[in-house]
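Presented below are the structures under discussion, each in the form of structure tokens.
Note that chain A is present in both complexes that follow, paired respectively with chain B and with chain C.
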Partner chain A sequence: MSIEAREARQPWILLSPSLAVITLLLIVPVLFIVVYSFWLRTSVGDVQPGFFLDNWQDALTDRFFRDILLNTLKIAAITTVVCALMGYPAAYFIARAKGNKALLLLLLMLPFWISYIIRTMSWIYILGTSGALNTAMEWLGIINEPIQMLYNETTVILGLVHFLLPFMVLNVYVSLEGVDTTLEDAAGSLGATKWQSFLQVTLPLSLPGLAAGGLLCFVLGAGTYITPAVLGGPRDAMFANLVFEAIITQLNWPMGAALSLLLLAVLGVLVMVYNHFLGLGQLMKGLG
Partner chain B sequence: MGWPLIRLWAILVYLFMFLPIAVVVLLSVNASQFGAFPMTGLSLRWFEALFNNDAILRALRTSLILGSLTAVVSTTLGVLASLALVRYNIPFRNAISTLLIAPILVPEVVLAVALLLFLQFLGIHKSFTLLLFGHVIFTLPFVILVVQARLVGIRRDVEEAAMSLGASPMQTFFTITLPLLTPAVAAGGLFAFTISFDDITGTLFWKPGGVETVPTQIFAMLRNSISPEINALGTLMIVITAGLPLLGLAISRRLALRRERAGQSE
Partner chain C sequence: MSAVTLSNIEKKFGNFTAVHPMSLEIPEGEFVTLLGPSGCGKTTTLRMVAGLLDPTKGEISIKGRRVNDLPIHKRNLGIVFQNYALFPHKSIAENVGFGLRYRNVSKDDAARRVKDALELVQLPHVADRYPSALSGGQQQRIALARAIVIEPDVLLLDEPLSALDANLREDMRVELKRIQHRIGVTSIFVTHDQAEALAMSDQIVVMSDGRVEQVGPPEEVYNAPASEFVANFLGASNILSGQCTARENGTVAIDAPLFGTVPVPAEKAPNIPGPGAAKLVLRAEKLQLVAKNAPSDGLISTEAVVETVDYQGQAVRYFVRVGDTQLQAINMIDTRPFAEGDTVRVQFRPRDCAALPGA
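Entry: the complex of A and B
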């Protein structure tokens, strides 16, 4: 074999293990559950191969599923907006801070390294009946009996914001860092107020980061079942909880396959719209 | 909006991020027999209880083994793939990059269901192997992103110099490339370990009955009642997943400083 041919083959040898793993453990399984979602779980409990539309009909027309899907999207949307409102000024502060920027950045990365389940559960100690807030209010004499503030939709959103906020701040920070500050000075020297130059120069230039953070918050928020399971009440189930129920509790695997594909389709449309307008590259900037 | 207002806002955001976690750590040293307020005194008794709790120790062992194996496999695959992406001009580069990071783009629940049902169909039931496959697939993209970012900074001409001096490609890789790669490999491995160690979404789908990792153990304990041991376990987890990267960062900074000093004294 010539040296050129060997050179040309080398990258493929390096890539092949990763490509094989992703093809066999992700692409093929996803294609497999597309087929599987048309199979049917019989009343005796085994799965009958074939082409049945029952699961899809249930998934798409059942009011219960539809309500939970819409509610999931609503919760994810509120979470995303709250993350943007809380995260943008914080990211702006980090990007423009003069002092200890390295420390601010380290503190920004730290939540990514602290377990999701711990961060979720920590709210029980803040808002629970024997949590910090109730204890403090009782001590101050504001209340006599502890009040239950947990296990409702608001606490689910609170938990999700706490989980996803670092993704938003990081993405906005990365794009603000790329904005040339002399542009703001130029706007100022042309007579714009600080607020005007922010609105007309900085904000538009940082929109890609805001969009990337927003997409991550929305997709990760809409796909979770741990937060509603820990911080939500019985009526706060999100769509991924339905998937978990179908697969783990009811063992209705074909139904679970259909439901998870529905979730993938809804969120996939979002990712594709994003990719069309902004490209996935922006997303990777924040992650890498 | 003035700068002081923005600073106040940022401080509040940081407090929002860290206060609840600080409360967990604080309660883990609470002497009270209830895992909540009020604080009745300082005590390490819940950490002691932790090390006498067989279920928790088993979960900790499972998590450490799973995280380490995931780190080894993911990092090996990820470093090879990153080398190909950074060092060679390959056709369909963008398509391949997108494929390699696809596991990030698919919601983890969907990934978990697809892998579970497919492997079950092939006769590979819920097991440690399934857990390992699952953890490798969702940590791999992160390793590739991190390692790629580090690789771009390594210059190629050092390798070319070694080769022109007569080193074989193998020798060059092991004596030149790999040492230069070490920070990238370490960062990738650490990242894979912490993601695996923290994971609960996929793990709950893949784990066989009776096997628990630390996060699923905490999840199960939360469903029964809040025991103070959870706080101790949570604190231990924070120390492992946040302490390790911080330690790594500190070590690499110290090494860099020493190298700088050595460079100056020459």
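Entry: the complex of A and C
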């Protein structure tokens, strides 16, 4: 075999284990889901194989699903904006810190060592009626009765921000690290104040990281079901909760399959739009 | 009035003194070079003038105005950075016009000035391109255009040529000097390259270990070094410890090993008041190798053995041995160089030597 042919084969040989895993554990199951979505759950409760469009018709026309989908996108959008506003200054601080950046990054990663569910539930001990905040305010005499702070849209967004903020910070940080600080010096020497230098130079050059962080926050936020289940009220269900409900509670696998594919399609379109304008390369940089 | 005055400025980082108290006056329109090896404090000094570092002590004035407390954006300086620091997301025209946004300049006026600046650096056709589309040399010119379009009080150049390859560097050296001369802006240039410093400067400030070793025009710094460091940093020198026996009739007699008494011109030994310990500075370029039996022509000479031959085309660098002493000689040649092991005669003119005090 020629050297060129061998070199051309090498990447595929190295990739084959991961390709096998991805095919078996991701592509095949998704194809199953696709097939399931065209099956039908009969009124007596068993699943009838075939090619029925009933689930898809329900998923695409029922206003209930549409409203929850829109609400899900809204919550994800608000979460993303909050993460961006809170995460950018933090990332800027770490990127420009003179001291131990590795330590600061480690502190940022620290929450990942604790289960996401436990981190989410911890808010109950802070905001619950007998939680830390209510107890403290009662003790201080600010309130007489505990206030119901939990189980609404705000706490869902709070939980999502808590979960997603590190992703935003990391992405913006990577992007800011790539911005040469002498550019700000140059802008300063030309007469721009610190703030003008930031707006004219640093911010535009770090936008790719902000966009990548935004995409991650949005996609992860829109696909979550634990946060609304733990911190949301009955009316704060997000789209993934519908999938959970259909599959686990109602045992209606075909409907759950159609709904989950719908969410996948909506988020897939968003990723494609992002890729068209900004490219996925930046996202990979942030994750790497 | 001087364009820039540094009065006893000092910079400490913790316990480390990067720049010991130094004073310097730079007249309007002069091109001054801070020359020294890395870590000598030249860039720190430049950054203090720029307003990127605060001096620990001392005062900096630009055009008679104290600027210590003036932030960088109010100092009206043009800075050319080593890595050019062009804004990658802005077009060349936007880069060059950046400083004009923060000055009261009308749009038409700004466009005209950007165009003039691009013509001055001989790149009038790149206005709509982005920095990444330009070569290193072109980016360097744009960085210069951006710094001078604002008509700065002082132009600061931080090793602007060091990222370019050798041939381009020499072209840019001439170009930079031409532009500086044409617009007449007071300039402070930082470099570790003695050839750049000698070719471009009106005054050279030689620095070492945070201290100023010598200030003077290029010929003076080159021909009459004030210290051993300067003698070795600008070109290569042989330094021989000896004795000054007399200072009279415009010459200083130095009794040096290997060569006997050498009458050095007094202006090249300004720091030797009279008899005492002294060092003879013999530039490698002034030490000539000739055939063993060649006539000595009234020069001071001695016999030597060639140890190392470093052939460089138009020039050769020899290391020769005279007794226990190794001497360095750099000679222009138009034929074959001497070979290692040859016995030759090394000779020099006394007026090409300089002398330093001390043992």
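Just so we're on the same page, the second predicted complex is superposed on the first by the 274 of 288 C-alpha atoms of A that agree within 3 Å, B and C clash if a C-alpha of one lies under 4 Å from a C-alpha of the other, contacts with A are read in each partner's own complex, and residues count from 1 in each chain.
Following the convention adopted for this analysis, contacts are C-beta pairs under 8 Å (C-beta built on N, C-alpha and C of every residue); 3 or more make two chains touch, one makes a residue touch a chain.
Given the structure is predicted, the values throughout are model-derived calculations rather than measurements.
One of chain B and chain C touches more residues of chain A, and that partner is B. Contacts of A:Gly131 after superposition: chain B is touched, whereas chain C is not reached. Once chain A of one complex is fitted onto chain A of the other, the partner contacts of A:Ile147 are absent, as it touches neither chain B nor chain C. By the touch criterion defined above, A:Val269 lies against neither chain B nor chain C after alignment on the C-alpha atoms of chain A.
Looking at the shared chain after the overlay, A:Leu183 reaches chain C, while chain B stays out of its contact range. By the touch criterion stated above, A:Pro166 is placed in contact with chain B alone, chain C being left untouched.
Shared-chain residue A:Gln196: touches chain C; no touch with chain B.
Of the two partner chains, neither chain B nor chain C is touched by A:Leu103. Within chain A, no residue touches chain B in one complex and chain C in the other.
For chain C in complex with chain A, the touching residues are 50-52, 71-79, 81, 83, 85-89, 98-99, 101-103, 146-147, 150, 156. Chain A meets chain C in the complex at residues 180, 182-183, 185-193, 196, 200-201, 204-205.
The touching residues of chain B, when paired with chain A in their complex, are 1, 6-7, 9-10, 13-14, 16-21, 23-24, 27, 34, 36-38, 76-78, 80-81, 83-85, 87-88, 90, 96, 98-111, 113-121, 133-134, 136-137, 140, 142, 144-146, 148-149, 194, 197-198, 200-201, 204-205, 214-215, 218-219, 222, 226, 230, 234, 237-238, 241-242, 245, 249.
If you check the complex, the residues on chain A that touch chain B are 10-12, 14-15, 17-19, 21-22, 25-30, 32-33, 36, 86-87, 89-90, 92-94, 106-107, 110-111, 113-119, 121-126, 128, 130-132, 134-135, 162, 165-166, 169, 195, 219-220, 222-226, 229-230, 240, 243-244, 247-248, 253, 256-257, 260-261, 263-264, 267, 271, 280, 284, 287-288.
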